[in-house]
Each structure stands twice: as C-alpha cells, then as structure tokens.
Amino acid sequence: MTHTFYITTAYAVTAIVTLCLIFWVWLDGRARQKELAELEASGIRRRSAQTKPEPAPGGQA
Amino acid sequence: MRLIAENLSARRGEDLLFQGISFALEAGECLILTGRNGSGKSTLLRVIAGLLRQETGKVTWHSAKAESDMRAAEACHYLGHRNAMKAELTVAENLSFWKSLFGDFEGGRGMSVGEAAEAVGLGGIAHLPFGYLSAGQQRRMAFAKLLVSHRPVWILDEPTAALDVTAEEVFTTLIKAHLAEGGIVLAATHQPLGLEDARELKMVGFAGVMEEVW
Amino acid sequence: MRLIAENLSARRGEDLLFQGISFALEAGECLILTGRNGSGKSTLLRVIAGLLRQETGKVTWHSAKAESDMRAAEACHYLGHRNAMKAELTVAENLSFWKSLFGDFEGGRGMSVGEAAEAVGLGGIAHLPFGYLSAGQQRRMAFAKLLVSHRPVWILDEPTAALDVTAEEVFTTLIKAHLAEGGIVLAATHQPLGLEDARELKMVGFAGVMEEVW
Amino acid sequence: MTALLLRDLKLSVRAGGGALIGVLFFITVVAVIPFGVGPDLNLLSRIGPAIVWIGALLSSLLGLDRMFQTDREDGSLDLLLMQEHPLVLTVLVKCLAHWIGNGLPLVIASPLLGLFMNMNEVAIGATMLTLLVGTPALTFIGAVGAAVAVALPRGGLLVSILVLPLAVPVLIFGVGASYAAVEDPAPFMPPFLILVAITMFFAVLGPLGAALALRNAND
Amino acid sequence: MTALLLRDLKLSVRAGGGALIGVLFFITVVAVIPFGVGPDLNLLSRIGPAIVWIGALLSSLLGLDRMFQTDREDGSLDLLLMQEHPLVLTVLVKCLAHWIGNGLPLVIASPLLGLFMNMNEVAIGATMLTLLVGTPALTFIGAVGAAVAVALPRGGLLVSILVLPLAVPVLIFGVGASYAAVEDPAPFMPPFLILVAITMFFAVLGPLGAALALRNAND
Amino acid sequence: MSESLAITKFSDLANPTRFLALAARILPWMAAVTAILFAVGLYMSFSTEGDYQQGQTVKIMYIHVPAAWLSMMCYTVMALSAIGTLVWRHPLADVSHKAAAPLGAAFTLIALATGSLWGKPMWGTWWVWDARLTSVFILFLMYLGLIALNRAMDDPSRAARVSAILILVGFVNIPIMKFSVDWWNTLHQPASVIRMGGSTIDAEFLWPLLVMALAFTLLFFTLHVMAMRNEIWRRRVTAQRRMAARLAGRDNVR
C-alpha cells in the first residue's frame, strides 16, 4: 500500500514551511540592511562609526 | 544619616540619559533637580528609589542604626507623577492603608491620618472617596501620605505640578519642617520651590550612548 | 466671527462651580482663564467645547457663513490635558488621521502634516512612533494637531503645563500668529502665557448651590 | 469616517497584534477543553459547536471593555465627540473596525478548531456561518457595555450585568442553529433567522445606546 | 500585609465586577453545554465535573489581567515595590486576596451548577473539593501572567494565552480526581494528592515568577 | 557633583559587533553544509525502499522525527538563553531567545503537520488527543504566546527579561505537562490507538534519519544565527532612530 498523497503533501508542507521561514528571515535581513543604509545616507550613524571608521554594518548577507 | 549616590548612570529605552552622577546628602539637606523636559529628572529619582535599575553606580543609605548594606529605597518615601491612591476608597481608608503598610522607620513617628489631612489643609474631607476630590486636592492628599508614616528621605517628582499658589506654600512649609527635623529631600521641579539653602543639580539629558550595545 | 457665551453655569458632581458667566470674543481676541485649583477652569472650557452639559446658558458661534443655530463646538479645536494621539502610530499617521477626520472649517486651510511638525519645531521626526517622543515633544505634536486643520477657535487647557521655557515660547508665537489671522483663543493657565492684550477671566470656584434641587 | 476605520484597524494590528492574539486565545481555549472532557472523539464532536461558540464569546468579552477606554484615556474620545458627524455613526464605524479586527479572525479560525473538535463538515460550516452572523451582535452589545464603562470607575459590575444577559440569547440561538444544521429533526432556518434578527436589532440598538451613554458618561 | 489583604478585598467588593462577572460567566458556560449534548441526563452527569472545571478555569481568566494593572496605573505598585517586605510575600498576599474575591465565589457556586448538570452528591462534593484545592493554583499561575502583562498596553487576551497552557496540569488532575471519586476502580487519593502538590508547587513558583517579572517589567 | 553630562567616548568592541563579524564569516559555510546535508539526506531517504511495516509512509519519518526533535531542542536553546538574560544580562541572550521563538514555532508546525499527515493513513484520523501529540500542540501554543508577547512590548530589553521569565516558567511546566498528560491519557485513552515508535529501527532507516536530523539541526542553527543578526540590526535601527529624535529635539530647542 502506498500513500503517495500523504507523503508528497508531507514533504510539500515541510518544504513550504521551511522555504517561507528561510525567505522571511532573509527578507527581514534585507529590509533591516536597507533601513540601516537609509539612516546612514541621512547622516545618522552609530557613534562608533563616527568616532572611528568601521566597515559598513553587517557585511554581506 | 547620609544618602550617598556614586557614579550613577541609567538608560531609558536604549539610550543613556545620564552618567557619572554622584552626590551625598546629609541630614537636613535638600537637592533640587532641574532641567529641560525629558532630561532625565524623573528617571534619576526612580533610580534612587530603586524602581529602575541603574546601568552603573550605586545608591546607599548610612545611619547609626542601619546595617551597612541596606537598600536605600527602604528609607525613602516616593511621590511620583501618580498619586498611588484608590479612587474607590475614601481618603481616610487610603491613608490608613499606607500608614499600616509602611510602618515607621528607625524610631520616627508618623502623624495620625486626621492630623496629616489637617496638615495639608484639608482636614474636613477625609471621609470622601478619593475620586471625588479635585486634582489639586488629590495631590495634597497624596502628599499627606508622606506624613502618616516616617521616612527620613523624601523623593518628590514635580510635587507642585499644576498646583495653585497657596497649595505650593503649604508644600514648601511641610518640606521645610521635614528638613528642620533632620530629613533629606530630593525633588524635581520646573518651578522654584522657595527653599533657600537647597543644592541644585541641573540635568541636561541624553548623555549619548556609552559603550553602545548594538 | 464671534463666540458668545451667555449666562453659563455648570455643576460638577452636585455643586455648582460657576454661574452667570458671559463673554463675547471677536476675531483676534484672546481670553485667559485663571484661578485656584479646582475653581472650574477646565470645567468651563469643557462646557464651551460642548463636552460637558451646562446647567444654564448657552454658547453660540456667529459668522457670516454659519447658520445661526450652529453648535459652537464645531468651530473649535480643543487641546485638553491629554494629547489625543496614539502611542502606537507614528506622528505622521496620527496627524494625518486628525487632519482627514477634522477636515477644514469654513474655507480656512490647515497646514500639511510636514509643515505643522516643522512649525512646532520638530520637523525631522514625524516618522517616529508617537510613543518614542519625550513628554515635551509629545505635547508639541499635540499642538501641531491644531495646525493641520483649520478651526477659528482654539480652546487650550494648560497648554504649557510641565513644558520647559523654550517650548513655551514656541507655543506663544503660534498662538499670536493664530490671533493675528483673526482666530479666537481661550486658554486656562497657571503661568502667564506672554500674550499682551489678552483679556483675563478669574474663576473663583464653588458658586454655591443654585436653586437647590433636593 | 474611513480615516477612523483605517486608524482603528491599524491600531488593532499594531497594538500587540490584536487579531493574532484573539485567534491564539480562541485556539488555546478550545484546545484546553479536551483536557477536561477527555480525548473521546465522539463526545468532543458533540459538544464542539457549543465550545467554539463559548470560546468566541469569551474572547470577545475579554477585549471589549477597552473599546472606548483607550480613546478616552488618551483624550481622542473628546475630539471625536466634538465632531459634527452623528455620534451613532462614529460608534458604528468603531464597532465595525472592532469586529473586523477581532471578530472576523475568530470566524476565519473556527474551521480549524472544528477539525480539532472532530466536527464534521456540515457542523463546521454551520458553526462558521452562525459565528459570522452572530459575532457582530456580540460586538454591538459589547459597545454599549464599553460605553457605559468608559466613565465609571466602578463600571465593571454594571457592564457585566448588562452585557452577559444580553449576549446569552445570541449564544443560545447561535449554538442552537449550529446543532440544528447537524441533527435532522430540528430545522436550521428558524433559529438562524432569529439570530439574524437579533444581530440586526442590536446593530441599531447597540450604537444608539452606546452613543447615548458616551454623551452622558463623558465628563 | 493584612492591610494589603483587606484593601484588596475591599476594592474587589467596591470596584466590583470581578466576582459577579466570573460567576455569571461560569453559569453561562455550564448552561450552554446541555444544548450540545442534548437532554441526555446520563451523559450530562458523566461530563459534569469536566464542564464545571472548564467553566471555572475559563472564568478565572476574566479578571486576571487586572490583578496588578490597576495598582500600576495609579502608582501604588511603585510603592509596594519599594517596601522591605519580600516582594514574593506581597504577591502572595495579593494572590490570596484575588482568590478570595474571584476564586472562592466560583467554588461556592459550583454545587449549584453540579445540580444543573445532574451530578450526584458525591460528584458534586468531589468537584467542589477539587475546585477548592485547585483554583488557588490557577490564581498563582495567573499571577505570573498578570505580572508579565503589567507593562503591556492591552494585557487581557495575551495573559490568558500565556496562562492557559500552564494551567493544563491543574485541569487534568482536578477533573481526574473528581472522576476518581465517582468511578469505583480509580482511587481518589492519588490524583487529589497530586493536585495538592501542584497547587503547593505553584504557590511557590507563581509568586516567585510574578515577583521577578514585576521587578523587571516595571519602569 | 557632575554638572556636564557630555557625550563621552566609549569602546566600540561591544559584543554584538563581534557577533556580527563572526556571523558574516561563518554563515556562508553553514548554509553550504546545510544544503549539502539536505541533498544527501533527501537522496538517501528517497532511495531507501519503503519495506517497513508502515509501508511507504516511513518516508514521512525522515522529516517528522527531526522536526519533532528540533521543536524540543529549540525550546531548550531558548531556556538556556533565558538564563543568560536573567543571570548575566547578556544582550546577545536576549536576541537569541527572541530570534528562536519563530523558528521553534515553525519546526513544531512541521512536526504537527507531518504527524497528522502520517496519522491519517496509519490511524485513520488526522488528530487524536494522545499524550505526545497534545504536548507538542501545547508547545506550539507556548511558542505562539511568546511571539505574541515579544510583539506586544516595544521596549526590547524589558520584553526580553519578561519573556525569559515566562520561558523558564514554561520549561518547568513541561515535565509536569508530560507527566500529567500521560496520566490523563491512561485514564481515558481508548486502547485501540496505535502507539508510536516501539520496535527498533533498522539501520537502513536509521542512516537517512540521522542525516536528515543533522541537516535539520544545521538548518536551525543557520537560521538562528541569521535571525539573531537581523534582530541586532533591527535594534540598531531603532536605537539610531531614537537618537535622531533626541538630537532633533535638542537642536530645535536650542
């Protein structure tokens, strides 16, 4: 007896949930980086970055 | 009897409001905090009262009778922006609740409820529910709370905000009497309180971001 | 444009706080209410704003364009003790909500949200949640609410309570500008507002029990 | 008025995830029930509609009293009262926003809970339908209570006495109609129509009463 | 400390609502279930203890979020935090007052509801006894939630969400013991003693957690 | 008495900064290893023939069981971080348990969903109120409650402390839960419900399972580090916005 339906749905659900999770985390990171860049652009930066130049917050994603 | 604050600093939200504040107050001394809106006066008072955790530093209380490692908060009365009285209970019920909860400190004696109401100039109306009083009257009754049980240190946050002139005078008289008895007063105000020999601490607010966390 | 109050009296709880108060304010005039705590200043302002029911008398609004039986409240902005802004929304969201809810009155035009924030001296931070602002900044933004939509009458209840000196000056300037444009201002204060030609009404409180009900 | 609707919706999302919390609460309440009655699936499916309705009633009771309170505490209510729009309309819009923010998510979540309670499709559909029709009535009734509570320091008592007895008929007909859909002899329509009528009735009476209470309660 | 107990009791009578809305809701819940189960008296009496327990659990949620909130709003909480009595003791006393004001009425009302559910005397007695022992645990658990909620703009629902999962064991053993009293093979004592143990455990953990949360949530 | 509270210098070697640097370095590696492990694990699980007593559906096990394990491990990670928050007041601990909650909820959701998808063919129903299932469900609710709590408070460090307390109280409650649910179930449970696990698993099924478990674990840690990094950035943004507000107020008042 095979239960292809249940197996595929189970894998599909898992895939969807994990992918959503990954994308959410990733997009969240992107959004935060963008906000930081905007703040930087408008002249607001970390005090540490003002007193002593520091690599742009975060580095690569 | 001394209240000593050493090197206090505190945050609100994420930013540091002040740092390196130190002072020592002897019996009979009074410290007035002034400064712009949002400069951290209330925050400092709450730190001293032990209601907010400081970032660095400590506040200690020394007296002949006190053990050395005593929390300063226990020697303090705190009168904040809010009155700490229940609108549903009568003034007398409110006051006598605080009287019996607070107890008295190191042998001092608080007034009776009736005397305290008399002292703030509202003798006749202690039987009214607190919620029926006008804002000024409520503030006065909240002040009466300081009288019903003895504490050497009074911490007052804008005690006279939105009070009229006569009420201010009553408060000044009571504060002077407390100082004359060897009490200590810390108060934050925008208006002068009329205390002659008070020391003043000017807060400037936003000390920046000490060791930025994030 | 005139705001006329005739023979007003009002109760709070059971006692009559004032009676027989009448005045007429023309365009460009300002009336300052003073008096002791609990003398009924806030009560009078709330009666004029239509938020409390008066015992006798009426408040009317007359202008070229208004129908004769108009509620005076609709020509008024009311700035009470509380700021009427939501801590969860940003300042801009708050202001534009009130702008679109209030609309404009009789052809006048309110400023844009940005301009209003600029006018109270906080131009750059309209994108912040209101709750992030300090008390003084919050009060200024509440004042900006009066600027985003046009109303000829401003009713201000202790607009400068617990503000520092610079903020007070900003407010005075804005009030003067409103008066110069032909607006009407009613304000209750304990501190002088710095308006030269303002009329003053001294409230005394507890007018006794008019035609006793019981 | 749209501005008010939008603001209230925004608030219900921002102020601590209103809808999310409501639904979570609903799920939690329903999930706790089997621990009491035991894991007997038959029994669960029989009491299912009642439980789902009770959960909905409870979660609307818990959030309702704050409906005008927040506006009053920050002074917005004063300004709303001063406007020329009829107050009834303002209250109606606020009720609508409250229902969209708090009631609708419950309706949408109810099928899931139906599955947990092992209810069959018809029962789930019927419960959802009755909730859709009935929860607005709870909001309208609650609005009166909330308005009365606004000014009274001791409103609590009055509100509960006022709101629960009024809400009980809604509950009864809602549950009744849900069961009628499943059990054959009982017809679905009569209780359902009564439920609709109750909702319509309170859609008028609720805002009227609330507006009246607000005018008189404000000081 | 007695002063605090007395004040809180006075307040719960004056400011009102607490006990009454709890009992009203309790009655409503218990009254609605028979709709679902139908007029089958046997079944009703079988699920009776469970329903009464669930009703009690849900209605103890109603007042919970205000336990420290009112004290915080008027500033009393600050003064309570400053006192030298250990804060845990203060919380314990407040829990006690809350239970007397809100939990005890439920216990007292439960026999009536037992009659509604057609339970026999033993079952009613057992349910009442388990409620008497178990509801304090609910209050203690709730205190943690209420302390956490002190800093929230809209505590109500969130508190219940946080509290309900923690309350599951209490519910399970409460219902279990009530059943064991009626059904012969199962002995009453073991689950009942476990229930007692759980209550004692939370009587320690609850106030500790709540005190910790209050210290941290206050600002 | 300090008169001037000027902005002072401070050391810029705060821990989060170092964490960010570290994260930037190791994240690509972690992501790569996770991907490889998933590829291997999936290949292995699809290449084994479903010859077990449960037929083809044993394939569900390869995702169900790791997800279930992770749902519990995640709570443990959160509890440890909560201790870090309360005892050492370490800012990274705050960030850690806040970032872990959604991940835990997601893995629990996977365990629940695959479990019910397995349950339908095996037991003939999507859901039974069995002891283990119920405790997983309660765990799910606890995760959601914690997420809601974190969202409802806007002061992050206060929120962190308060939710740390709740995490710990919940952690203490979990054994009680487990115990009580077992007890409850022996009273009421119909005897017919199939019990999970039982027979020891053949090596043929064990290997894919272990590889998948490892893959899931690594996935969790990768995501956790990423989420922590996001959270740190988020706090930076809010801190800088507040600072902007402060400075704006200052300049204008002058």
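We just call them A, B, C, D, E and F in the order they show up, numbering each chain from 1.
Note that a contact is a pair of C-beta atoms (placed from the backbone, for glycine too) under 8 Å apart; a residue touches a chain by one contact, two chains touch by 3 or more.
Remember, it's a predicted structure, so these values are computed and weren't measured experimentally.
Each step here moves to a touching chain, and the least such steps from chain B to chain E number 1.
Annotation: the chain B:chain C pair of sequence copies touches via predominantly the same residues, more than half of the used numbers being shared. Of all chains, the one whose CA centroid is most distant from that of chain D is B. The rotation that brings the Cα trace of chain D onto that of chain E spans 175°, given to the nearest 5. Annotation: E-F is the more contact-rich of the chain pairs C-F and E-F, by number of C-beta pairs in contact. One finds 48 Å separating the Cα centroids of chain A and chain C. Put simply, the C-alpha centre of chain A and that of chain F have 16 angstrom between them. The centroid of the Cα atoms in chain B and the matching centroid in chain F are 45 Å apart.
Mean C-alpha positions place chain D and chain F at a centre distance of 34 Å.
Residue positions of chain F touching 2 or more other chains, listed in rising order: 7, 10, 12, 14, 138, 141, 144-145, 148, 152-153, 155, 184, 187, 236, 241-244, 249, 253. Residue positions 13, 36, 38, 87-88, 208-209, 212 of chain B are each in touch with at least two other chains.
Those residues of chain A in touch with two or more other chains are numbered 46-48. Residues of chain E touching chain D in their complex: 14-18, 20-21, 24-25, 28-29, 31-33, 35-38, 43, 47, 50-51, 53-54, 57-58, 61-62, 152-154, 156-158, 160-161, 164-165, 167-168, 171-172, 175. Per the touch definition, chain B reaches chain C in the complex via residues 13, 36-38, 132, 134-137, 158, 161-164, 166-167, 190. Within the complex, the chain F residues that touch chain B are 1-8, 10-12, 14-16, 91, 155-157, 232, 235-236, 238-239, 242-243, 246, 249-250, 253. If you check the complex, the residues on chain C that touch chain F are 121-125, 128-129, 131-134, 136-137, 164, 166-167. Of all the residues in chain A, the ones that touch chain F in their complex are 1-4, 6-7, 9-11, 13-14, 17-18, 20-22, 24-26, 28-29, 32-33, 35-36, 39, 44-48, 51-52, 54, 57-60.
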